[in-house]
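The following pair of complexes shares a single chain, subunit A, combined with subunit B in the former and subunit C in the latter.
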Partner chain A sequence: MQNRYSFKRRLPYLLLAPSIIILLALILYPLGFALRNSFWFWNLQTSAVPLYHSGLDNYRMVFQVTPFTEALKNTLLLAGLGTLAQFWLGMGVALLLHTHLRGLGFCRALLIMPTTLAPVVAGFLFRYLLEPKGGLLPWLLEGIGFPLPPQGILGYAGSALFAIGMVDTWQWTPFFAIVLYAGLLSISEEVKEAAQVDGASPWRMFWSITLPLLRPIAAFLVMIRFMQLFNSFDLVFVLTGGGPGASSRTLSFNLYREGLVNYNIGLTAAMTWLVVIIVTVIINLYIIFIFRKREW
Partner chain B sequence: MKTLPTRHRIVIYALMALVMIFFIGPILWFILLAFRHPSEAYTIPPQLFFQPTLESFEHTFVDPGNNRPQVFNSVIVSTGATLLSLPFAMSAAYALSRFALRGKDFIMNWYISLLIAPPIVFVIPYFILMSRIGWAGTYQAMILTLQTLAIPFSVWLLKSFMDEVPLDLEEAAWVDGATRWSAFFRIIIPLATPGIIVTSMFTFVFSWNNVLFPLILSKQSTTTLPVGTISFFASSGVYWNQIAATAVVAMLPPMLIFLVLGRYVVRGLTFGAVKG
Partner chain C sequence: MSKKNLSRRDFLRMSGTAGAAVAGGLSPLANLSRVAAQSDNTINVLTVGDPWDLALQSVVDQFTEATGIGVNIETLGYTALQARLVNAFLTQSGDADVIAVDQMWISQYADNGWIRSLDDFIAADSDSAIDDFVPECLYSLSTWRNHIWTLPIASYAQGIMYRTDLFEAAGLDPLPATVAEAGDWTWEDYFGILDQINGMDLDGTSMYGTTVIGYQPVPVVHMYTQLSASYGTRWFTQFPEAPWDFTPTINSESNVAALHDWNRLYGWSPPESINYLWFDAGTRFSQGDIGMFYHWTPYFYLVNNEGYLTGTPSPVVDKFETAVLPTQTAGGDQVVSLGGWSLGMPSTSANQDAAWQFIKWATGAEAQKAMGQVNVKGYQFADFSRKSNYDDAGLNALYPFLGTQLEMMKLGDGKVVRPPAPIYTSLEGVYGLQINQAMTGAVTPEQALETTQTLFQNILSGNQMIPYNVDSFDDTLDNTKALIASLSSM
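Up next is the complex of A and B:
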């Protein structure tokens, strides 16, 4: 009996163990690899093994050799503004869908299409549309007299990062719209009717009732999207290659450039740890401030 | 529900038309590109009507058929990643759904932090590890490393489905003398089957659309279809029609799967957190 009892107590942990073990192996290896090599000089083009111990040099060089601070700034800007734009545009579309006019159900089913695309496909799609000579969008924009940089929207330092954010917003606004619409459906009619009886204006109702009730869903969506945008690689790779200069380089793309173009493994390892620390801080802030009271 | 005044309805339909043009229009324009003649990738002014041709598809999938093996590779990698993740995810999701665990919040948070961590951080060391153990460019290298995304995602989504299987049913089976093991296979699995199928479909799509892992861990003969688009973006010139033809074939399976998923789309895209 004693044995059976303790087996029962251990069962859930035994069931969790395989997934946790394989995942730990899959993340501890890279993190350990990066930690060790961050203190070694190692360029894969000149040597198959780390060459010599270099102390904290790699950590210093991250800031001197690569545009790390600019990439961090770009990444935060892209993630912050992108998430903000997607949330509010998505909310707008969700409210349109929520009017339940005839035919909108069909629109909602089609609307998800951009989100189903591989980001690399979305990237090529807009690279084609934004081509300075003959692309559809420059042609339309010039047609209405909108001033465009001669290098093209993707080739101009002032607009390249903005364009990446725009493509991501195009891809993920439907996601916000459809999930927020599902959230709107879950708000009970009674609450809304009670507010209407009390004479609340639609504007007031949105801010005082709808939005607070959507808060748990909204917080979750914003967290997922902020982090996915923070990790942006595919779109940067296809649309701008981080350029011109480093004007649209994100942290992920900076890591890729140093690691798999310049093969500077030691420096990449140091940068990996800086990124891991930044990401851990962000995720924990989220868990502390938003998820603490949530029951899974 | 009150009916809206006509004036409001016209405004709403007009706005919705703009929304649909903005979000669906670019996809249609890109699909048209795949059917254009290579010399007409760009015309000024852009032309909506033209003589369609299958030349680009012939080039990429039939004649030299550069992309034909990539369809096969994509199917192997995505199916492999999905099947490998299922047993790990099913047992973990069952444990999280059915037991009062200490540290359950922590474990759930841990899974999701993996899901939203930057994958590039892991991929560069994998690149070196895989060449060291002789797995560079193999299917198993991609299938194994994709588990960092596939398992956490499937645990979350499957748990939300298992939470919906009433505990009473399982307890009734125990009273009738069934072991936990047989109750799992006779009650939970059949009732959670729709959830398992939905989860598999999402894992398949996410693996299919993933570019970072195959870009870095595959070789030319094992690379996947979305990565195949990049090969037409050469320094010698950009083959737009071929990019579009490859992309059209690459976008079809995810689109079809999402159409089939219907009302589960919201739940899958939010990892089960929003039921929809």
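Up next is the complex of A and C:
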């Protein structure tokens, strides 16, 4: 009787164990492997195998030979401002969709299209649209008297990163809009009606009812997009190659250069770990801030 | 007709079988087993998407007809090719018998034992006519530590293209097409011409003096290093001559002067050329608003197209000529950048004899001539590495610039302009970034090169190359000539 009770109690853990073990192996093994490599001198340009234990040299070299701080600054700017812009633009579109105007059903179907494009395709599309000689966007902007840099939007250090953010915003705002629209649909009409009866203005209703009720969805959306933008590579690769100079270089592009162009495995592993630490800290701070006093 | 319900067990069985079949068909392992199952009469060739690849694919049937050996050619982009090769070498899962090798990869591939030396094949096979190669091409593209690892299939030097109609309108003399005609032809003369033609109106088109290739890091390094090498810049204290000393000398006075003049070149270029790749610059010239520029020699024929390899004639056809590069001082020394592609054999190839037959054929004078005569969207292969091809009257009729190209090849030194030392790509990465930074005006040329010097020092020290404790080799052109002579006489 005692044995049967004990087995029953342990059964859930036994059933969960394979998944947990596989999950840990898939997450921990690569991270552990990268951590080990980060302390070894291993450059495929000079040797096919790790040569010797190099202590913290790889971590030092991340700052000495790669534009790491510039890439970190660009990445934070792109991820922070990009997420913010996409959230608020997406919110605006979601509210518009929620008005039940004629033709919005068609717009909803149309909205999803940019999100379905591969970022590389979107990058090539905008590379042509932003072409200084004959590109549609510079032609339109110049037509309305908007001053453009002579090097082109992608060739000017002050606008290259902005252009990447703009293309990403074009592609991912609809994703925010659709998910937030779904969130708006889930808000009870009774709550809104009660607020209206109490004389709340639309502005007040948005800040005191709509936004707080959307908070759980919005918080996850923002977190996911921030992490995706933090890992931006495709658009950077296609649109600017990180240039001019290092003005649009991101951490992922840095990792690509060191890992797949320079083949410095040790250095790339060290950089990977620095990125893991930075992302983990940011996300945990975000979670603490957003979900304080709430279960998630 | 009996109707049988599908049980859950049957469904799972069928799904499993179908899934395994799909996974098996798609997996690299299945690919490998297919390769292993191939007979010795078929070889796999991995090439890169350059113009020579199109020409090669057009004539490869001739090889199969002559030898009975089938050829599967797979073409990849530059980065994808390098990634695929390194991955295959590391996991020893390579399926290629012949590979296209960039000159910068040879030290890495050779030192790691990933490709095998061709010395034995060359020595044992008198048909290889190794002494027919322009020695500078073989030296720059194929040798490392006194062994021949690959054979050149496409060699590129650098030279000038200029608009003859614009020169006529400006009252300028034609530029020298040979070194003998060059006399006192200097970079300062070149800049003077650019200053004169920049902004000129030609048939209603406002002309730019020139265009640069500014995209960082690799494209800008390819173009900039030609100028800096002409100014006498060397990357290291001593390389390729022995003993190797990789202490960087990249912030030398000559290089600072070159970077200042590079910025002058950019000033006469379209502003957007800071973001130009190789073909962007070529295409811009072919579209008609560039007066003169220098580039890799394949552009001597590529600019006949309106776009890259489009086959549509460009507006500058018959309105441009080619010329030799100037020197920094009148009658001074010249060093020309020499690059390109060669064919090598992975150590893992199971069909080494067939692979050698293919390498010998594709880099041979006859196949190279056939590639030059391919007319698909125009004649688009003149990147010969053999002397006999440059002497060929038929090829000279198709490509009238071959004389100028050969003159540039003979001044070529791929080991000085962009030294193929181990970890070259890391150095190129930071160098290109700094040149590009100087173009944006964010830093001065002095600051850019000072930073490059520090980064080179850090990278080279971090990779155990300063001090260099491995054996050096006196990697000179004379030693390559001696190697050619010794292999030819066997």
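Rule of thumb we're sticking to: the second predicted complex is superposed on the first by the 253 of 296 C-alpha atoms of A that agree within 3 Å, B and C clash if a C-alpha of one lies under 4 Å from a C-alpha of the other, contacts with A are read in each partner's own complex, and residues count from 1 in each chain.
The rule we apply is simple: contacts are C-beta pairs under 8 Å (C-beta built on N, C-alpha and C of every residue); 3 or more make two chains touch, one makes a residue touch a chain.
Everything quoted here is computed from the prediction, not taken from an experiment.
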Discussion item. Once chain A of both complexes is superposed, is A:82 in touch with subunit B (first), subunit C (second), both, or neither?
Written reply: neither
Worksheet item: What is the contact status of A:243 with respect to subunit B (first) and subunit C (second): first, second, both, or neither?
Response: second
Worksheet item: Once the shared chain is lined up, is A:90 touching subunit B (first), subunit C (second), both, or neither of them?
Response: neither
Fill in: Greater residue coverage of subunit A in the superposed arrangement, subunit B or subunit C
B
Worksheet item: So, does A:260 touch the first partner subunit B, the second partner subunit C, both, or neither?
Response: both
Worksheet item: In the superposed arrangement, which partner chain does A:170 touch: subunit B (first), subunit C (second), both, or neither?
Response: first
Item to complete: Kindly classify A:151 by the partners it touches after superposition: subunit B alone (first), subunit C alone (second), both, or neither?
Response: second
Discussion item. I'd like to know which partner A:26 touches here: subunit B for first, subunit C for second, both or neither.
Written reply: first
Practice prompt. Please indicate which partner A:64 is in contact with in the superposed arrangement: first for subunit B, second for subunit C, both, or neither.
Written response: second
Practice prompt. Using the superposition described at the top, list the residues of subunit A that contact subunit B and also contact subunit C.
Written response: 44, 133, 260
Worksheet entry | List of subunit B residues in touch with subunit A within their complex | 1, 4, 9, 12-13, 15-16, 19-20, 22-24, 26-27, 29-30, 33, 41-46, 87-89, 91-92, 94-96, 98-99, 101, 104-105, 107-109, 111, 113-114, 116-122, 124-129, 144-145, 147-148, 151-152, 155, 159, 180, 205, 208-212, 216, 226-227, 229-230, 233, 240, 243-244, 247, 250-251, 254-255, 257-259, 262, 265-266, 269-271, 273-276
Item to complete: Mind listing the subunit C positions that touch subunit A in their complex?
Response: 79, 82-83, 86, 89-90, 108, 111-112, 114, 214-216, 270-272, 274-275, 422-426, 429-430, 433, 436-437, 439-440, 442, 455, 458-459, 462-464
Worksheet item: subunit C touches which residues of subunit A in the complex?
Response: 41, 43-48, 51, 57, 61, 64-65, 67, 132-133, 149-152, 154-155, 157, 240-247, 257, 260-264
Practice prompt. Sort out for me which residues of subunit A touch subunit B in the complex.
Written response: 11-13, 15-16, 18-20, 22-23, 26-27, 29-31, 33-34, 44, 93, 96, 99-101, 103-104, 107, 109-121, 124-126, 128-129, 131, 133-136, 139, 170, 173-175, 178-179, 182-183, 217, 220-221, 223-224, 227-228, 230-231, 233-234, 237-238, 251-252, 255-256, 259-260, 265, 268, 272, 275-276, 279, 283, 287, 291, 294, 296
